[in-house]
Structures are given as structure tokens and as C-alpha cells.
Amino acid sequence: MGELKLSKPYLLQAADLTTEDVKLIFDKSDYFLEHYKRGEKFDDLKGVTVAMVFFEPSTRTKLSFDIAAKRLSADTISFQSATSSLTKGESLIDTLHTIEAMGVQMYVVRHGKSGVPQFLQANTSGVILNAGDGKHAHPTQALLDSYTLYRHFGAVKGLKVCIIGDIIHSRVARSDIALLKTLGAEVTLCAPGTLLPRNRNIWDCPIIESLDDAVEWADVMLVLRLQRERMESGILPSITEFSKYYGVKYEHFTRKPELVLMHPGPVNFGVELDYRLSTYPNCLIQTQVTHGVFIRMALLSLLGRDL
Amino acid sequence: MGELKLSKPYLLQAADLTTEDVKLIFDKSDYFLEHYKRGEKFDDLKGVTVAMVFFEPSTRTKLSFDIAAKRLSADTISFQSATSSLTKGESLIDTLHTIEAMGVQMYVVRHGKSGVPQFLQANTSGVILNAGDGKHAHPTQALLDSYTLYRHFGAVKGLKVCIIGDIIHSRVARSDIALLKTLGAEVTLCAPGTLLPRNRNIWDCPIIESLDDAVEWADVMLVLRLQRERMESGILPSITEFSKYYGVKYEHFTRKPELVLMHPGPVNFGVELDYRLSTYPNCLIQTQVTHGVFIRMALLSLLGRDL
Amino acid sequence: MGELKLSKPYLLQAADLTTEDVKLIFDKSDYFLEHYKRGEKFDDLKGVTVAMVFFEPSTRTKLSFDIAAKRLSADTISFQSATSSLTKGESLIDTLHTIEAMGVQMYVVRHGKSGVPQFLQANTSGVILNAGDGKHAHPTQALLDSYTLYRHFGAVKGLKVCIIGDIIHSRVARSDIALLKTLGAEVTLCAPGTLLPRNRNIWDCPIIESLDDAVEWADVMLVLRLQRERMESGILPSITEFSKYYGVKYEHFTRKPELVLMHPGPVNFGVELDYRLSTYPNCLIQTQVTHGVFIRMALLSLLGRDL
């Protein structure tokens, strides 16, 4: 496995990944998943310093990357800048160059503005891993979602995945659509009109009008988090109404027990998802979180091996 | 020592500990104390991830657990939630399940509400260590206090310990009383009526009315921190008055030099304790802090060995 | 190299360093720089706990020390106190004694008040490394500055260094002047009168009136950061005026290409320095940052070896 490499020496968006890249990442994740279970330790990043550069608050993604890096014996440092110091583009690059000059080689970056990881990658000889930028991309989430499907079904190709809920504001949706299509899944969308892109054909995914139709069609329901902030902006009339028509209910799954349920978390139970579904056998939400750590170990190891 | 185990696979309150448990913990603490002095390194928790989950601010206890975990080669992550996200009981459990899904096996938990560690333990297959919950319990403080007495006197059984000051609001007092009684010490209380439980017999400890009587009776004065907030709530007429009648003075110790002084810290010098006592030979306050790290190493090692 | 020691078992100010100390530190930095490049790992501080005690916000210096300590396999803990708890002198010492009782042996300290590291060193058996105190001293910055000159020119002795800008408020200036003189450099100052000490002879450095004269005289231009706060205090009429007369321009360097440019960072580009200079070949600003980590590794290793 030593000579295999990702086609790009960084991870900015799911659209950059080839099927060969994904195979390599999934194989490496399988490796870590199996060997970690047996209590093995990993030295892949011994002597490598990984900076967690989060300009947006994050709990899950940051912890997941942090645990992944530590399991590979990396040193991790955390750099959490106030947005205020970012008014000038130069200062962001200057900060990057300063951290880089200290010998940091890998950067896990989250930023509220789309495109920041690309901008940083263009200005460093280090490795950027995009941990979410604005509404643009969240490629490690897409990878862990597809990996979870791969482990559950044995393959992603040909799966019918319906993405449900707050699609227009979601970097997760964008990245999932891109990767699922690369891997040969069929993707549809189900959401109220105000939570869909204005140009409904922009991502080339059919729209399914009702949850009932989605349940009938899909192998997988991938439910998104409804950002509470959306309410205040007047995009939705009320949470109750959203929940009535687009909240996924327990009955949807008793009707079709083989249907798989996924959600990137954290879940607004009672809004986009019935709480009783959290213990439903084919609810893979916890599995997604578990796989997230192995996917990130795989990426850090593959991208960090030549540093 | 390999086959010995604590009677419960977690630590929620001092009352759960048997004398055999305590012997095991003290022996393990002795082991770490001796071997650490000689510069040895410990791999007990290599590959184990310990989460520091503090919902209340803490400096001493958090640092102590953090240092203990690192000395055992654990990976530590810190999760400090704002209380705001805890309004719904589900979200706390959901957060726990998310961290757990990432492969975290041990949780050091502090929370302002009594009972939260129990609630979490009931909902996880991981190991909870209570680092202080509301007014309920602070079992590692009780263990380090008793361990300090054990190291100083050779045994806890038969010792006369007077607990002084803000007893009613103190989780330290509750835990110390429980553990000291388990270990066969005699415990009395000395405090103004408003800082004692309304039902004075609730803990089955005699009340000593004056500090002078306490000094005469006791082998050990265990002084508690007076929470400044108590003043504002009108429970005490004034700090000056409290300090006059229940503040421990230098003269109390010159009168009886073998008397041992303890305090869980941080001390309000000039309120519950005369500053000159900080350098008094039988003042064991710094020793308590030192022992705290070894007690926590022992607990983490004993509870984490099968993970 | 095993038996060589610094003349003092701590680092409080550049003025304490002898030329032998500096040679030892530079040799050790050379060692780490060369061996780190080859991918070697270092165990110098394995089992040693280093506390980062920052009472002032810091990004660069704190990250640099943190990376240095981790590269030496130290455990690091971070202790960031609010200034509020420091109103009483005792509480600062009490906090130090508490951390010390937990087994922490080295303290990297930054504080807004001059003299705090000295005060702490006088009250501990641990090792204090001053990471900047008030307007007093920033000795690791001085060491990395001189080390950068040493690596660039082969020696510091006889070099002509002009320090430019906000000298009166700068602990960097104080420490650089002291160390450069110890090492035999000639030091001059160039700044508007309000940014120079009132007694111009206090540091025994000639004043150069104009930047043009400074360029002609110097081998090295060491430009300081202009604290924006200075503007508000009325010390300078305007940033534009400061920048016009004391801002270093690209033309200054095209005129004399061998001239070396240094700055402790972070740079206010457009104020004290022309942005185009950041890519100027003899601009050593990034090199200073890189060397900072190796200097700190050397200091931690030399001061921590007997712990």
C-alpha cells in the first residue's frame, strides 16, 4: 500500500476525489477500523504537527479530527482566531505563514466563508484539509457518509439516496451529492421549495415532492439538520409546519424496515427527526460518527505520509 | 495486582467505595508515587482516550485529572459545554453518545447539577469519573483527603477529624464524611448554625460548638472554603464575624503542634484560615494537591485497565 | 555536551545571559535544527510537565513554546488566568504553588506587569521561562533574533543593527539591545522622539535621525511593531505621518540589497513596513519564527535536563 497516493496532495472538496481516491481512503479506513479494534497503536504521524484552525465554532468535527490525529501519534495544536483579525486578506495568509514557519505541516481548516481553504492551499506548501467552509463543502462528512453506506450495503453504486430538509444552506448536501454521484449512487432531494436551490436543476438531482414518495423510492434517507436561524430569517413559516410535512416520522420506517436512516448531526429531535428513531436498528447516526474518526485517520495518514 | 478490581466499574460517589476498594486505590497510588519519583514512565492508558467534560469552571481538579491522564499516556480531549445547550435532558445524553461513538471510553465529568454523572453512567457503556456534581459528591477529593491522612498517620481508622466551616453547601464535606466513616474515623462538624444541615443528625456526626473545643478534641482540622456567594444570599451576617468565630487562627495550632491542618483549596486566606498557617509544618494543603494527582492516576488506571 | 549548563537555572531576562550561555543555546539550537530536518524525534522532556501560564493573550509565542515542548515529548498544560484573580499578590503565588504541588516543573510565563516572572521564580523551586513581561523583557525573542543573525552572518560580533520604531514601549527592544551588546554588535535606534526613552542615553545607543541615514549605516534593520493603542494615547500625531517618516519602504532595500530585514511580528504592513518587503530575499521574518521554535527547544532542553 506504501506507493499508493491520492490524486491531489490536499482535500478541499468532494468533487476533487476520483473513485480511485475513494477506494484508497476506504481501504485505509477499513485497515484502521480493524486494527484499532485489536488495540493496536499507530505511529503514522509521529513527529508531524497538525494545526486545528477553526474560525467557526465546532464540537463534533474538531473532536473527531483531534482524536484521529492523536491516534496517529501526531502533535496537535489548536488555533482559534476571532473573525475580527480577518478583515484584511493578508492577515489570514500572514497567520498561515507564521504557523507554517513554526514547522506545522498539516492544517485542518473550518471557516464561515466559502473558499477560504482553497485560498490557504494556494498560499502554502503544507497540506490543507477542509473541515467545512461556508455553504461550499464539507468533504470529510461526505466521505464518512459514503463510507457508512459502503460498510452497510457493501457498495455505494446503484444505491438510491434521498437527501431531506435544509438543502440550500447545507455544505453537507453539496458534498454528499458530489461524492455519491462520483460513486454511482442515484440522488434525489426532498424539501420545501424555500429550502431548495432556486434553479432546481443546478445539481442535476430529481426533486421528490413528499416524504411518502421518498420513503417508497429510497434505500437511504439522509436527513439534514434544520438551522434554527432559518426560522428567524422568514424562510419557513414555522417549525411546526416544517416538522409536519418534512419531519421524518417513526411510521416512515416501520413501513419499510430495511430503509437506512442517516443524519450528519447534531439532530434537532422533534423537528427534522422523531426521537424514537434514534434507537431504530437501521439508524446509522452513531455509526457515522464512529466512521468519521477512521475516515479522518485515513486522510491524515494518506496526506501526511511524505511530510 | 493484575486481577484485582474495584467493586464498581465507575466512580460516582464516595459512598459506593468499600474498604477493599479504598485499599486497592491507596496501594496503586503508593505505587505511582514511588515509581514516579524514580522517573519511571507509565503506559497504563496508552491508546485510551479520556474526555474532560466540565460543565462548571474548574482549574485545580481539571488540571489534576489532565496531568494524571497524560502521565499514564492517555490521549485527552476537552469538552466544555455552555450550560445553555443542556436545557433539554436529551441533548446531554446525545452529546455523550456522540463522544462515545468517536471511541472515547472514559469521561471525567463535573456538573453544577447533582446527579448528572449518575444520569450519564446509566446511559453509557463507558466509564464515568465524577469530578464534582452540584452539592452532591466529589469522591476524588474525599479519596485524596483520606489518602493524605493515611500517608501521614499510617492509618485512617480511629482518627478524630473535625470538618469546619461551610458544610451545608459543600460536596466535599458530604464525600469526606462518607469516606472517613467507611474507613473508621470519627467525624465531627463545627460551623455556624446557618452553615449546618437543618436536620443536624442527618449525617450522624456530632456538632462541636466552638473552634477551641474542636482543637482540643481533634487530630485533624479539615477546613472548608467559604463560598463568597453565601454572603450575598444573607446566610451569614458578615465575613468578619464568620472569620472571628470560625476562622482558624495560628494560635489554634501553636497550642497543639501535632494537630494536622487540611483544606481542599483554593483557600480564602484571612477568611476561613490565617495566612501564616500556610507554612505551618503540619499544614498538608500542598500535600493534598500532590496526592490528588496520584489518586487520580490510580483511579484512571484501575478503571481503565480493561478498555 | 552532557555536563554543560546555563549559568542560571531559569530565564528571566536577556541581561542575565553570558556569552557562554548564548553559545550553549545556539549550539543546542543548531543541533535540534539539523536533527529535526532529518526526521529525528526527541525525548529530552519525556515525563516532564510544562505549564503554559499566559496572563496576556498570545498566539505566536505560546504556539512556538507549545510546539517546542511537544517536540521534546513533554506533557504540556495550559493555564490562562483572568487578570481578576490577581488582585492580591498572594493568590498568584498560591496558584503557582498549587500547580507546583501537582508535579509541574517548568513554567512558561507571560504577564502584562513587569517583574512577575522574577516574583514567581523567587517563590518556586521550579524553572520559570519568561515569555514576555510588561515593558520589561522578552528574552526568547532576543535569543531568536540574535540566533537568526548568527545563522545568516556567521557571527553577531561587529554587526551594525539599527532598531526602528516603537522603542519606548517595547520589551523586545530592551531585550534585543541587551543581548546584541553582550554579543558584541553595535546597536543604534531610529524613531520619532516620542517613541524614544526620555533620557536618550539610558541604553547607551546612538540615535540615528533619519531612515536614510540608518540604511546607509546598518547591516540589519530590526523593525518593531507599532502598537495601534499608541495612536489613541496621543503619542503620535497620525499613522500616516509615522509611516511617511519611519515606515520602512521597498526603496530602502533596493538601494542596498545586502541589507537584512527583521521584525518580531505580527507586522502592521503598510504602517511600519511596506508589504512588498515580505518577499524580499533578505527579509528574515519567517526565518525568525522558524528559529524561535529551535531556540525554545534548546532552552527547554537545557533548563529541563535535571528535572
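A, B and C are the chain letters, set down in written order, and residue numbers restart from 1 in every chain.
One rule holds in what follows: contacts are C-beta pairs under 8 Å (C-beta built on N, C-alpha and C of every residue); 3 or more make two chains touch, one makes a residue touch a chain.
Just so we're clear, the structure is a prediction, and the values are computed from it rather than from any experiment.
In a homomeric contact, the two copies may use the same or different surfaces; for subunit A and subunit C, under half of the interface residue numbers are shared, pointing to different surfaces.
Superposition angle, subunit B onto subunit C, using Cα atoms only: 120 degrees, a multiple of 5 between 0 and 180. Between subunit A and subunit C the centroid-to-centroid distance comes to 41 Å (mean Cα coordinates, whole Å).
Within subunit C, no positions touching two or more other chains are listed.
Touching subunit C in their complex are the following residues of subunit B: 36, 39, 41, 59-60, 63-64, 66-67, 70-71, 265-267, 269, 275, 278, 286-287, 289-290, 292-293.
Within the complex formed with subunit B, the residues of subunit C that make contact are 46-47, 49, 75, 77, 79, 90-91, 94-95, 97-104.
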